[in-house]
Amino acid sequence: MQEMISFAPSSTSSMVAQYLWLIPALPVAASGLIALLKQPKRRTAAWLAIGSLSLSLLLSLVAFGHVLAGWTGGMVVRETVNFAWIHFGYTAVDLGWVLDSLAAVMLVMVSFVGLLIFIYSVGYMAHDENFTRFFCFMSLFAGAMLGVVISNSMLLLFMCWELVGLTSYLLIGFWYQKPSAAAAAKKAFITTRFGDIFFLLGIVWLFSQTGTLLLYNHGAGSLEGMALGNLVAQHAALGLSAAGAIGLLIFAGAAGKSGQLPLHVWLPDAMEGPTPVSALIHAATMVAAGVFLIARVYPLMQIGAQPGGTTAALTVVTWIGAATAVFAALIAVGQNDIKRILAYSTVSQLGYMMAGLGLGGVAVGMFHLITHAFFKALLFLGAGSVIHGCHEEQDVRRMGGLKADMPLTFVTYAIGMLALCGFPLIFSGFWSKDGILEAAKHWSVAKGPFYLLVFGALLTAFYMTRQVCYVFFGHWRGHHPAHESPKVMTVPLAILAFFAIVLGAIGTPAWPWFHAFLEGRAVTFSWHGFAEPGLLALMLTSSLVVFLGLVLGWWIYGDKSPKPEAQDALEHAAPWLWAGLRDRLYIDEFYGVTVLAFYAWWGRVADWLDRRVWGGIVAAVAWIFGLWAQLVRLLDIHWVDGGFDKSCEELSTGGGILASVQTGRVQNYLRILAVAVVVLAAILLWGSRP
Amino acid sequence: MTGFATPLANYLLLAALLFAIGLAGALTRRNAIMVLIGIELMLNAANLNLIAFWRYGPHPEALTGMMFAIFSIAVAAAEAAVGLGLVIAIYRHTNTTDLDKMNRMKG
Amino acid sequence: MNPVFYILAVLTLAGGLAAILLRSLVHSVLAVTAAFAGLALVFLQLDAQFAGFAQILIYIGAVAILIVFAVLLTRSSELPKSGVFSNTWIVGLVIAAGVFAVLGWAVLESMSAVPQQAAVPAVTVHDIGNALMGRYVLPLEIVALLLTAATIGAVIVAMHEKEGPK
Amino acid sequence: MMHDGSLAANLDQIFILLRDWVVGFLPAVLRPAADAVLGVIAIICVFPAFFAVVVVLERKGVGRIQNRYGPNRVGPYGLFQPIADAIKALIKEDIVPNRADAVVHFMAPLVLLITVFMSFAVLPVGRNMALVDMDSGLLFFIAMGAATELSVFMAGWSSRNKYSLLGAIRAVAQMISYEVILLLSTVTVVMITGSLSLTRIVEAQNHFTWILPHWFIFTPWGVAAFVMFIIAGMAETNRSPFDVPEGESEIVAGYHTEYSGFKFAIFYIAEYLSMISISALGATLFLGGWSAPLSFLNWVPSWIWFFAKVLIAMFVFIWVRGTVPRIRQDQLMNFAWKFLLPIALIDLVVTALWHFMGEGWMRWMVTAVILVACWALMGRLEMRNRHIGPRKYRYAE
């Protein structure tokens, strides 16, 4: 790290920015240390991880305060620290980090949620023998994620991005002895890689066009004026500008990470990992990384848009987001695994965020990201607590009536659920989702997304109600009676619940503090925020939709706890639809018969090539050399060896002769010595005679 | 103790004779210890040469010969210690100090 | 001509001869000690006080004692049945004579070349000390190291497998 | 104190004047030789006489210590006892064991006596009263001391007697071990004065601040060196408590078991003479030789001071002999190699410190502290490992 500092050239960047690298570095270092620990050293590992992350949180808060101070001072803070990593030829590979409002917000969110989940998992993983390994991976993940957040160079971002992917793989397959877990891990890894290929292509293209990897570099970065101008000027295929094309490539990467259609398949399976992992990685932070990425490269997507208008790239993002939202919500209705339901809801919420980005700009999407991070983490931890309490039971049909057994979990879970549904006015989810809907309503291109998103909202409310009814209402249908979880698990729940409520306050139309902060505008409080045309109507409709969903859910599933074996209520009504929903609309099967089948066929072809063609060539070469070797061997035996043995005999006989001089008697040697001296001296003297 | 005029040659001859005697002792006696004694005598002869040349040399104040002699005396002491140690060790293994009997290293 | 030198020379040579001729090993040790003493006196006569006394201190005080101990430890003090001279003693004698002949010849040859007279050098022990601590400090250190190594080596070599060094 | 005509000066230099007067009668050619001869005669007469005094002193002193009268028959207070002893020794039969090695048996005491006498040659008995003022007198003295070992061995080996041989081997081993200590303890003085010449060393101590002399024993390193010197001296001369080589209880009388009559007397004399010479050296090195103990006592002839100091040293020898019990062989060796040697080396370092730290109370503090600390530390160590230390007696049960 030392040379980073010494490299850091920008004298303008403040102390805070100079030392920003500490925030990701601390957890990474912690994970390194934990990796060196012995397995039974649980307390040390936990303390290292939590301590380092809380330090990072502290620093993040400092950074946030720094940006905040700058903003209230009325200027947009964007400090970068860049340095050349490798020089070759005239170009250099630059790395660097940036501190702006976006990064600051994400830093605080990631480190805060991460810390809570760390504390939670101390309780959750208490009985796991690989406790230390778990925390090693977790802190590595935290470090990588924070790295993604602060990185100012496409390359650094990609490194951290891949590191995040790796840790996600490791943690999904944490219980590698379960075949399903191992498979899920592989699936996640491969699918996300698939997206990352496009991402890498985008990066390369960007680098080749702009000649710099840095995003912001005092006007010379690839996201700043001149470079963007060039990018938008030149045209790629099918009417896209280079900027748009690159944007779409990067979006492909983001889609892979954020489980957008059609790459969402890995995310539900990822629930095979421990629940804290699901909460941290697959709900709050990593999956949000895709959204964050789009937000980060937003200028690239946005450039070339007329005021009020939009660009092709953003349109694509919007449509995919909206589609994903509805699609995943639909599937979520048909699931019975508590965590899978949440997983699909995550996917759909991510769809919302993407749509928000595409429709209303960075602030809208990011606001939903932040709020969602909190309440979804809350929901997952609640689910974990439920699973913990029900002795690793995950099927919602085998639960029920837990609101009596686990009151604290119930309350917090309910809060999270309402926030997710977007229960009006009180809960943060309402405001963030409302922002998206509003943006959709005013979208100039098409009304489609708006209706999709509204329908998604309805579904969200519905399937969450269904889940809660199954889990908390009715009577207990499991085997062993459930029990409330320990403090170390419930306290984080409470904290998250608190934030799930209050966070909404910073994004209301009356006081859009968050949006202003991100866009660097001044903010004032005024009720007139609500006075915009149609806003109230919209709020009303969305509230109505939510209520409709809740009521529908309660009406269908209500307080009647059906037998686990019994058919689902919807199944009665429309079996074919239900089957589709239950089987996730056959996406996996579709991939099975297309992609996987193709790969299998190609594998067979390659195998045939290997055996027949290349194998044959290799065998032929080997045979020729074998023949040659035989020839050489004959030569060796009959010719070379003979000569060698002869010479050896000669040597030994000669040695024997010489050895006879070695009488082994000191005095003989002494005599010979003396004689030699005499002779030499005599010669010397004789020579030196005048 | 300054002698009036003993020529250098006398000292050299004395040294030569002593050296020869030492050598004879080393070559003719059976006992290993006697060989060591002979070697000591030879070393002493060499020392005598050094001192004599120092005394009669052009630059006695440079002390070269003297130093050489002193160092060689020290080295001789070390040599005696190690040599006798070896003799004792050999005696321990083969109960003899007779060199004619010690020809294990015969080639 | 100086009688002192001849007396000393005779003493030294007699010591040496006795050392190699006497049959009893202890006697020859004593004789060689006499030779050492005579040589030390010759050093004194050569105005090399320091060297002379060092000679006495080391050879008579240390080496002779060392040899005596070796003699006692190897039970060589009583006379061996087979004679004290090796079977081929005559060869050794001839060679020694040859060496002496060559050396003497060399000395006589170079008689004219070397100076036969010299002023008494004004060298005090102080100068020797300065030289040892100045020009010759490195050799001094090396010799110190050598002596230490030699001592340890001798102890280890002579050490009996079980009990400590004698 | 130059040689002016004053009475004190004449008294101080009386022997020199005497010699010059005697030599004055001879032709100039023979004078150097005559000087030497006279000096030798003086030594041969004076020190045996001194020896006689010491013997009486010892026998009476030890008698007092052991709570008996000691010799009190011959002459007043038994003062003529040594003369009687001498006569007895002379008229006794001189026995040589018949399997003994006659020549060596005869030579051993002579060699001993000669070397001991020679060592007196360099001692400055008084102001410019050293027989030969050698540039490296100290080295000569030590060399002579080393030469005595051989004679001891000769004595032990030649008289075909296992006790003698054992005693001789013990004696030689002990002498070699303690010679190292002796040498190292004297080196400190050489380091300070920068000279091996004994007269020069005495001159270096012949100064006074106010009335107090600059003797080396009045410095921390000096004290340490002096104590070690005395201990080593006792061991060198096989005195109690280091008289293992002639321990009556174990080996009859050590290397001179087989000696009797006059030869034995010579051993006896030689032992005491070497004792005297060692204590004389000690007085010369540490007690300021012939210099006066207090500045205003300068008028007293220097040789009186010298002999007084030697006498005091001798008394210490006798005193120790009377009080301290004999120590075991292994204790003796361990004491030499594991305790005295390290301390001696440390003392060398300390002396160097003293030399380079320059004037002032500081160097007194530092050197003293270092020495005491090391001494205490080593002592603890040795006691804990029980190499030296209190012996456990097992009484008859």
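Going in written order, the chains are labelled A, B, C and D, and every chain counts its residues from 1.
Basically, a residue touches a chain if its C-beta (ideal position, glycine included) is under 8 Å from a C-beta of that chain, and two chains touch if they have at least 3 such contacts.
Bear in mind the structure is a predicted one, so any value in this text is a computation, not a measurement.
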Joint neighbours of chain D and chain B, given as chain labels: C
Comparison of A-B and A-C (more C-beta pairs in contact): A-B
Chain A and chain C: spacing of chain centres that average the CA atoms, whole Å: 87
Geometric centre distance via CA averages, chain B-chain A, whole Å: 85
Chain B and chain C, separation of their C-alpha mean positions in angstrom: 5
Separation of chain A from chain D, taking each centre as the mean of its C-alpha atoms, in whole Å: 92
Chain A residues counted as touching two or more neighbouring chains: 667, 671, 674
For chain B, residues that touch 2 or more chains besides their own: 23, 26-27, 99-100
Which pairs of chains touch, using the document's own definition: A-B, A-C, B-C, C-D
Chain D-touching residues of chain C, taken from the complex the two chains share: 24, 26-27, 30, 33, 37, 49-50, 53-54, 56-57, 60-62, 64-65, 68-69, 72, 77, 124-126, 129
Chain C-touching residues of chain B, taken from the complex the two chains share: 1-14, 16-31, 33-34, 36-38, 40-41, 44, 47-48, 51-52, 54-58, 60-61, 63, 66-67, 69-71, 73-82, 84-89, 91-92, 97-100
Chain C residues touching chain B - in the complex, by the definition given at the top: 1-2, 4-5, 9, 12-13, 16-17, 19-20, 25, 28-29, 32, 35-36, 39, 42-48, 50-51, 54-55, 58-59, 62-63, 66-67, 69-71, 73-74, 76, 80, 82-87, 89, 91-93, 95-97, 99-100, 103-104, 107-108, 111, 114-118, 120-123, 127-128, 131-132, 136, 139, 143, 146-147, 149-151, 153-155, 157-158, 160
List of chain D residues in touch with chain C within their complex: 101, 104, 134-136, 139-140, 142-144, 146-147, 149-150, 153-154, 157, 165, 169, 172, 176, 179, 194-197
Residues of chain A defined as touching chain B within the complex: 658-667, 670-671, 674
